[in-house]
């Protein structure tokens, strides 16, 4: 016998159920962002004030993590030399999904003051997808924090899809990596 | 003071005893440089090592494209008589070859590999001198040669960001003046009290 | 033993998880205030765990997953025996002290197995350090517990609580003051708090056993860790602080013990691994033996 | 009705038959050995359990037999280990130097063991003991080294000579060689000398401190399938003698009131404790997996001694249960290592890694065995350790308590090391291709032992019921055991409940695991390397000096016992050289003079 007062909700399709679960997951994900700090360049100096009592990153649920497996954000702080980029790509591929990339400073955007160097790349988003750029040389701590808040907003609005893009355009990214780096893996006496 | 100066003199005497250097630079009481011939390098290194210059501090090269020469530089240090000794020699740039010194200074192994990587100088006698060390999978001419153009390399290998708009400000001065005026007006408008 | 007992046991395990996770969150806030920061929300630990469960992780083969399941299963099983007050215990008199010490080891073994199975040397080093630390803190602790069991004549936790409550609320931390200090030092080691936090060491060995975990495996290990802390702190409350008459008393004592341990932890640096072993086998062991000798052979109990 | 005499005769004949069959074809001889052991095991289990064996003697009038619960308990465990090990023979015998005699000696040593536990006469006991020692002495050198056999023999003989002396003193005091009347005559008297002599025999066979040095040498170098016999079965002979000395003789000496024990028993308990600590520390340090397990046997021998010296039923039950649990655990662990050694040719942990991917069943067997060995529920080792803890705490023995706790936590360390280094970790490239799971015939005993390890941990009621019979036979009250609960001095243990709850916990965890998102499979080399590329597994496998920070604390002192025995051996050699110098000189007259002098010296005592 069916109650007249409460009618059962219409049966949701699988896609809708998945979407609902995804939104719940997004809530948790944006409130607990763990960073892997790949301190590649000088912008890393902005992180200590961001973490300690001046700006207190922990109140947003953020914190540093030791390994890429545990982390959500790959934090690229500063210029990327060719050698670092190889390791960065390797690390990025080891992270668990969903994963986000935040790049600090002007060097990952257009090369910055190293735009004509033979050893430093010019544009990070050609090799891995970047969700948030924080411009400045170097960006001050408020803008770094603002970048993280922007990322949270993007996750909420389902715009932080860099990791999906990486899957969709995997061949394009790989081709770019190979033009600039040759093979990503290095085989020589120091790695055998 | 005199003692330290005599160290430099000691080195000078030691070198002159063996060869006749092209140039002798006494930079200060702790540094002295000699420019010698390519075939005298090993003899001098051996002599200096026996005299106490046991530390091979650095080995590198300088590119002189005008002369078509590479200048290979050896820097040695003695812990008892504090003097840096620079030995310099110029070698042919089109076919740069100089014998390895790892029999005298085994520590020079990685300096020679680095030098080969950045200048393309061959060091016969060092079994690994052609292997890659710092530049991983380099595919161009050695990057520290003067005829290498990093900008061209960067443009060729790394995608550049293209900007659709130009964000630089034109006639910035006038805007500054206008802004200052606006700010003054706003400050005036916020002033409380009796208006005049 | 009926199905009700089993459900009660699962309930205790779940209660332990919720309790410890909230208190850990509150403690993060406390520590933040200590460092003049605002600190995270009190439910931040829940957010962290559920976020981890929602992520897509990697797996290094069947032993990697099986070990995690065994770890969480073993710890849930251990927590199911834990009495909350002197009268409430899911399985009655089966809350034997040794069950907690050794059934806890099943969970630890599962985690160690899974960590080593990942093939990462840091994980193996972390496991090595965890086991070595365990060898250090368990022996003084067990000697003190030997004294307590000898005095009460029972190894059941409920009976030990009752013994303390009936003899005029004479808690063992007062009756055996030296033993109480040793017990607290051992508790710091069990919880992996700072002077003895050699096996996590994020800057040194990349968080040790947890180096390869991410996503749901790490989330399950976090749940396991919270329940483990619940078991260890409850053990201390029941053994030394006279247990509890009612649940509120238990919560209060639990909070005080955990926060105190956390405060001490936050003003300390980290020992080297052999310093940990030397530390525990010097003063705590001597103090424990001294306490045991005067309590058992001479009968000098306050 | 099976007759024990016929049984022994059949087994002896089977031994001779197996010699010729093995000469013909190793496979045939080995399978015959399996059936021979199985026959003995089945007939013992069928008739011996309730003491229904026929012990009358008709063929060999000199022998006398009797049966006890105590003897049966030991004999059935040992025969079981023999049976399990015999399944391994077909795959190993081919490698040995003297393969024809291997099965022969193996069966003959079983004759010795069955005889030793069923005989009722001290001299026969000695004879059967010697049979075991001599046969096994020729089995050990088939493995890696001959020196192992020498050291095994040296210590065993020291033990049996001590026992022979003890037997003579018993004869002198009671006028009989019968075991039960002889021991009964001694029981309660201050006959410390016999007690001490028997204990020397027990220590030597059990391999506990200070007579432990042969244990790692013999276990580590014995043939792979024989190590489980040595550790799981033969050292238990020492436990048997220990029971005779500690419980049956139990001399009346001064009491230590604080712990309520006679001084003799207390010293034995302390020696057992030293053995536990020493064995644990040495096992943590060892690199060879078999030697590591040998040191763990030493530590467990210490537990057994501590249990039997505590003079109450709970401790005895713990001791007897520990004999079974350790026999199963160490047999399981040694068999697993043997299977790995057959596939890879080494037992050094620093050379192995990642066997789990090729040998999962062997891995599970090893895992279950070590869980039992470390005394973690739900395996058998936990029950026995729990009982021993109960007794130790009840007596209030602090120093023994420290050792017992240290050994039990330390065992986590040493059992985990082979698990991590040998089975887990990176899969090394040299074993990736050729290593396979062990053949079916070898998996049968592995799996049986694995199941028994679990059974002893979950349902100990039946076996504890049997040990109750043994304890009552020894003149102590039975302990309180029901199907689901064991009652100790200060608590109740319900192993089945613990196992069930463990099952519930694992089920909950499994549900959590399975409903969540499926993980992505990655290779073992795809691990966190601080961002760098590593392509060689060997660089990425942590096995060497596993517990280095801990080892550093005591490695300076770890060789002291070895140097002591080495210098003792040198002294003995010098004595031998002196004898050689005196008797074997160029002049016959000198030797004759010395011989006459010695005879005169011996007769002197007799005449006076």
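Here are some notes:
Letters A, B, C and D mark the chains in the order given here, with residues in each chain numbered from 1 onward.
Following the convention adopted for this analysis, a residue touches a chain if its C-beta (ideal position, glycine included) is under 8 Å from a C-beta of that chain, and two chains touch if they have at least 3 such contacts.
Small disclaimer: the values here were computed from a predicted structure and weren't measured.
The greatest number of inter-chain C-beta pairs in contact is found between C-D. Ranked by how close its mean Cα position lies to the mean of all protein Cα atoms, the top chain is C. Averaging Cα atoms per chain gives one point for each, and the point farthest from that of chain D is the centre of B.
Centre-to-centre spacing of chain C and chain D amounts to 35 Å, using the average Cα coordinate of each chain.
For this pair, chain B with chain C, the centres built from the Cα atoms lie 58 Å apart. Residues of chain A in contact with at least two other chains: 67-69, 86, 94, 186.
Chain B has no residue in contact with two or more other chains.
Shared interface positions of chain C, defined as residues touching 2 or more other chains, are 54-58, 206, 211-212, 215.
Here, these are the chain pairs in contact: A-B, A-C, A-D, C-D.
Here chain C touches chain A in the complex through residues 28, 32, 35-41, 44, 47-48, 50-51, 54-58, 202-203, 206-207, 210-215, 218, going by the rule given at the top. Every residue of chain B that touches chain A in the complex is listed here, in rising order: 131-132, 134-137, 139-140, 143, 148, 150-151, 153-154, 157-161. Interface of chain C with chain D (complex): residues 1, 6, 9-10, 13, 53-61, 63, 65, 68-78, 80-81, 91, 93-94, 96-99, 102-103, 105-106, 108-109, 112-113, 116-122, 124-125, 127-129, 131-132, 134-135, 138-139, 142-143, 146, 149-150, 152-156, 206, 211-212, 215-217, 219-220, 223, 272-274, 277-278, 285, 289, 292-293, 296-297. Residues 258, 354, 356-357, 367, 371, 374-377, 382, 386, 389-390, 392-394, 396, 398-399, 401-402, 405-406, 409-410, 412-413, 416, 419-420, 424-427, 488-494, 497-498, 501-502, 504-510, 512-513, 516-528, 530, 540-542, 546-547, 549-550, 552-553 of chain D are the ones touching chain C in the complex. By the touch rule above, chain D contacts chain A in their complex via residues 526, 528, 531-536.
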